[in-house]
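Below, chain A partners chain B and then partners chain C, in two separate complexes.
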Partner chain A sequence: MAVKFLREKWFYLVLLLAAVTLPLVVTDRYIFQLAIMSLIFSIATLSLNLILGYTGQASLAHAGFFGIGAYGVGLMTKAGLSFWLALPLASFISALVGFLIGLPTLRTRGSYFAIATLCFGVIISIVIGNWVELTGGHTGLLGIPRPKIGSFEFSSQISQYYLVLAFLLLTLFVMHRLVHSLQGLSFMSVRNNEPLAEAVGINTFATKIISFMVANFFAGMAGGIYASLIGSISPSTASFNHTFNWLVYLLLGGAATLAGPILGAFAFPLLMEYLQFLEDYRLIIFGVLLIIVIIYFPRGLMGGIESLQHRIKTRYRLRKGDGKNVVTASGKSHQAV
Partner chain B sequence: MDLFLQQIFNGVMLGSTYAIVALGLTLVFGILHIPNFAHGHLYMLGAYVSFFAMTRYGLGFWPALFISVFVLALAGVVVEFLVYRPLRDQPHINSFISAIGALIILETGVVVIWGPQAHRIPNPYPGTIELLGMTMTQQRLLLIIVAIIMIVLLQIFIKKTTPGTAIEAVAQNREGAMLMGINVNRISSLTFAISTGTAAAAATMVAPIFMISPAMGALLGMKAFIIVILGGLGSIPGAIVGGYILGLIEALGGGYISADYKDVFAFGALLLILAIKPTGLFGREVA
Partner chain C sequence: MSLLQVENLTKRFEGLVAVNDVTFNVDRGEILAIIGPNGAGKSSLFNLVSGILRPTSGRVFLEGQDITGLKPHRIAQMGITRTFQTTTLFNQLRVADNLAIGYRMRTASGFWSTIFHTRRWKEDREKTMARVLEVLDFIGMTDKAFDFVSTLSQEEQKRLAIGVALAGEPKAILLDEPTGGLIQEDTDGITQLIKKIKAAGITVCLIEHKMNMVMDLADRIVVLNYGNKLAEGTPGEISTNPAVIEAYLGREYVA
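And then the complex of A and B:
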């Protein structure tokens, strides 16, 4: 049992070990700060993965919900509420707004949904920028208090790192349970063939709403953590550039896998960091990479690893004379989401 | 009353730009089924090409406009070939993501080559005309007239010429069109060239009125999508009417309710319409 668990999950255990020991290895404060950001964005990308990767609905309002969570926690903690109460509240508000927005937008499909949610994301950032009495307008919210337990304040980088890591593991746990449940199967059936899912008795609209709400709950949570750790937020927190970044992390890492989004959220900023010397040209590479990945590797890094693993396994089996027909992984539908 | 007429005039002027840009987008999105999300960025590139043809090479307004249209038509063909053609038989969302890659390249490319600051194209027709209490600059009036001419020409091209009808044939039935000996690849290139070329013309016409900046394409691209959906996918009259409606909504909403929130009206209108009719105002059922 334990061996089987190890054999199947070794990859995740290695990742976890790497994550826990990272503060011992990385001493550079700047790089460490990048790692903390990557953890926060991992949560955001994982939640985007639920709606886009597993349910097949390209929500481009994700940064908007991130912003709702960020401003929710920022405003509530500044008003004196504890972070531990403000964070779930803000996440719930984000999920609730997701529900209200999902009602009209989730009736649309494909590009229509992408554009409708993009519009909503833009509305959120415009409203945040102009509702000066509540949000402070374009100057943003400053001096958001850090999370505290008793008298302990999460002010050192290492404590913040482990705090976000804990939230990431929580997110990962929920996502893992969710996508391996019956509900998760409904998500994927909606993604693979919506009319067919409807025909076998799945309430596709309710399924999409649930996925959208859960995704936005965690997007809001990521935003809330971001706000209280960084301490200041502005309308650009909710800008659709964030959504595009997460989209790249997700596709590069591998949509519809649990490790992919995290891998993407770490690998990509790191790559960009090493390409610093290219200055503005970096973004051009970013764009080229996105196009190449979507054309040639629509299932991302994790998808690549998976099919490689599978190829090795099949060859191994053939050599053993087990000549059964094996359905190849590449036989899966050739699409990113 | 004067203010009202003035806002209407501004709305029509804005709407003319929107109508042309949306018309180009509806050709590729509605007819080729390519969600060319980089359309607004190609429009931006068109404005920049004109700007530099005029300032660096000292060309006049009209030669610069024609060069810009030509360059952008070529750019459209290249973008279609590199970014969208490999993804033709895959789900829309893959092309959409590919488009995001393309728009990042275009926007950053312009920033790297020409810098992030905004520019203004010297106004070739700065004079004003007083009419019914409205003050109109000649350039704005010219924009409205050129827009109408372009719309009419495009309509004639699609309905009366052989390549135009071939585009419509591909839109109606790709396989059928292929069986009839229509080269679908060539039609895709042609449609893209028309789409981006007209966008470049619109961008050049409007550039003397507003500033040009690398970021100007993003919002316009989104609005063009709104119009295309508002008017119904692939519907050319829908794109034209939708363009003018959006221009008027923005001008009136911005003038009478709140200028800060003027963009919210456009996006809000789309959300509202999709809530009532998920396939757009004149849209057919989408597969």
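And then the complex of A and C:
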């Protein structure tokens, strides 16, 4: 556990420095807005990473919970509640709905869980679209107030950027503590070998429920921040297109790593932006890219870097002659999903 | 009183009786071997005792307490852990992490204490580290603590699987073919380890095909055939029992 922390620590510092100084470097308002969205989606992807990357349960209802958080904050702040109270409340509601949906769905395994959650995700967005009295139906929710501290309103891009960055750091902090702990080992034991985990006394169902609730709490939080900063939301906020975007960020960036989801959430939209001239052919390129990554780097960019490090280290040890048992050392041993 | 009592245990799959009205006791501190030809119901019996399968009828008692039909993790928490016939480990993780997961059920830190690093979390972490070191030493793999499972030899993986089951401080451990697929030299190593487990006061229940190993290790033997208990006794009694010899070697060998 400690080794892994040290190995990933340098990356955090670089990331943090880059994140804090980014507003000084980026002057283009459009690109800057993209960066803010990437920060929000980083939170969503990080939370997807907990249930999918670390616990091995492919939840495809993630955008649904993002939507619950968004509508929760939108409705509550429009009713006059402070953003700072509405956000944790909405996130908690999202976690609670996650608990209720998890009770039946987490009893299924593998692709069945993916299909079941996909259905629930779609149901959530349909409910949002048709519960007109509460959500305003397909016209959506407009004029959601921005977060405020006293008389200061988060209306400038820079202030919004640092606000979201703070929430991302909070998410990272929680994820880091969870993952590098006995609780994290419980999650990974379920991902890796559920029958064995159960046989050594781990309540795998409860473990999955905890992971699912925490993941959905942060998905809801990401949605709440999104609603408040964008100011208007519609049923498409909860669309499963979002889920699949985050899934791609996660797989490209590296599932079951902490830096991977953030890397993916920044790299992918930026690439999309710079390849704009290719129009729809972009999607073909990304399709091919995704296939290559899944086959050759099952743990994404970060996983690729890690296994490269591992391979170099192993070769070094072999040369030193103390690795007589290190025959099959490769990063392939720990696939994420 | 016996540590583990199996009473009239029956498991019926559609059209097939895997385990039929089997009764036996496992005494505290002994090594009990369960032998029988392929398909005799040995692994099914383990699955019934460890809660992976629900029995059709019959009861299982641990220290007099009825544990029939409990979830596997509950049975593990009450003190029965097991290994599987095909070596199963957490093969994406390191050796030490595997053992820590084995001890996880003896720790209580959950979500909040993990987030806030409470005193309980710190105590749990120290307890776990101490236990992992202890088990590493016990199974003789201290130098492999930070290796990934995929880099271990077959024999080391078998050792580790036993270590994972031991880490949670069980009262009884069920070993399903702990030396399956190993060469003789490695088998001896595992045999020594099983003797060590017995010496540590842990009751062992063992499924094994290698007869010389069973005869060497077991205090008592239960023989299964087609789901029925064929015989029960000391290795000496079993090796001269005509019904056992017939089941194993065929009728013509019965002298």
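In this section, the second predicted complex is superposed on the first by the 310 of 337 C-alpha atoms of A that agree within 3 Å, B and C clash if a C-alpha of one lies under 4 Å from a C-alpha of the other, contacts with A are read in each partner's own complex, and residues count from 1 in each chain.
Please note the rule applied: contacts are C-beta pairs under 8 Å (C-beta built on N, C-alpha and C of every residue); 3 or more make two chains touch, one makes a residue touch a chain.
These numbers were taken from a predicted model, which means no experiment stands behind them.
In the superposition on chain A, contact is made by A:Ala197 with chain C only, not with chain B. Of the two partner chains placed by superposition, A:Leu85 touches none, neither chain B nor chain C.
After overlaying the two complexes on the shared chain, residue contacts for A:Leu169 are found with neither chain B nor chain C. Of the two partner chains placed by the overlay, only chain B lies in contact with A:Phe120; chain C stays clear of it.
Shared contact residues on chain A (touching chain B in one structure, chain C in the other): 334-335. On the side of chain A, the complex with chain C involves touching residues 1, 3, 174, 177-178, 181-186, 188-189, 191-193, 195-204, 210, 214, 325-330, 332-335.
Listed in rising order, the residues of chain C touching chain A in the complex are 50, 52, 71-73, 76-77, 81-82, 84, 88-93, 97, 100-102, 104-105, 107, 109-111, 114-115, 117, 121, 124-125, 128, 144, 146-153, 156, 164-165, 167-168. Looking at the complex, you find that chain B touches chain A at residues 29, 35, 82-83, 86-87, 90-94, 96-98, 100-105, 107-109, 111-112, 219, 222, 225-226, 229, 260-261, 263-264, 267-268, 270-272, 274-275, 278-280, 286.
The touching residues of chain A, when paired with chain B in their complex, are 56, 58, 101, 103-105, 107-112, 114-116, 118-120, 122-123, 126-127, 130, 244, 247, 251, 280-281, 283-284, 286-291, 294-295, 298, 334-337.
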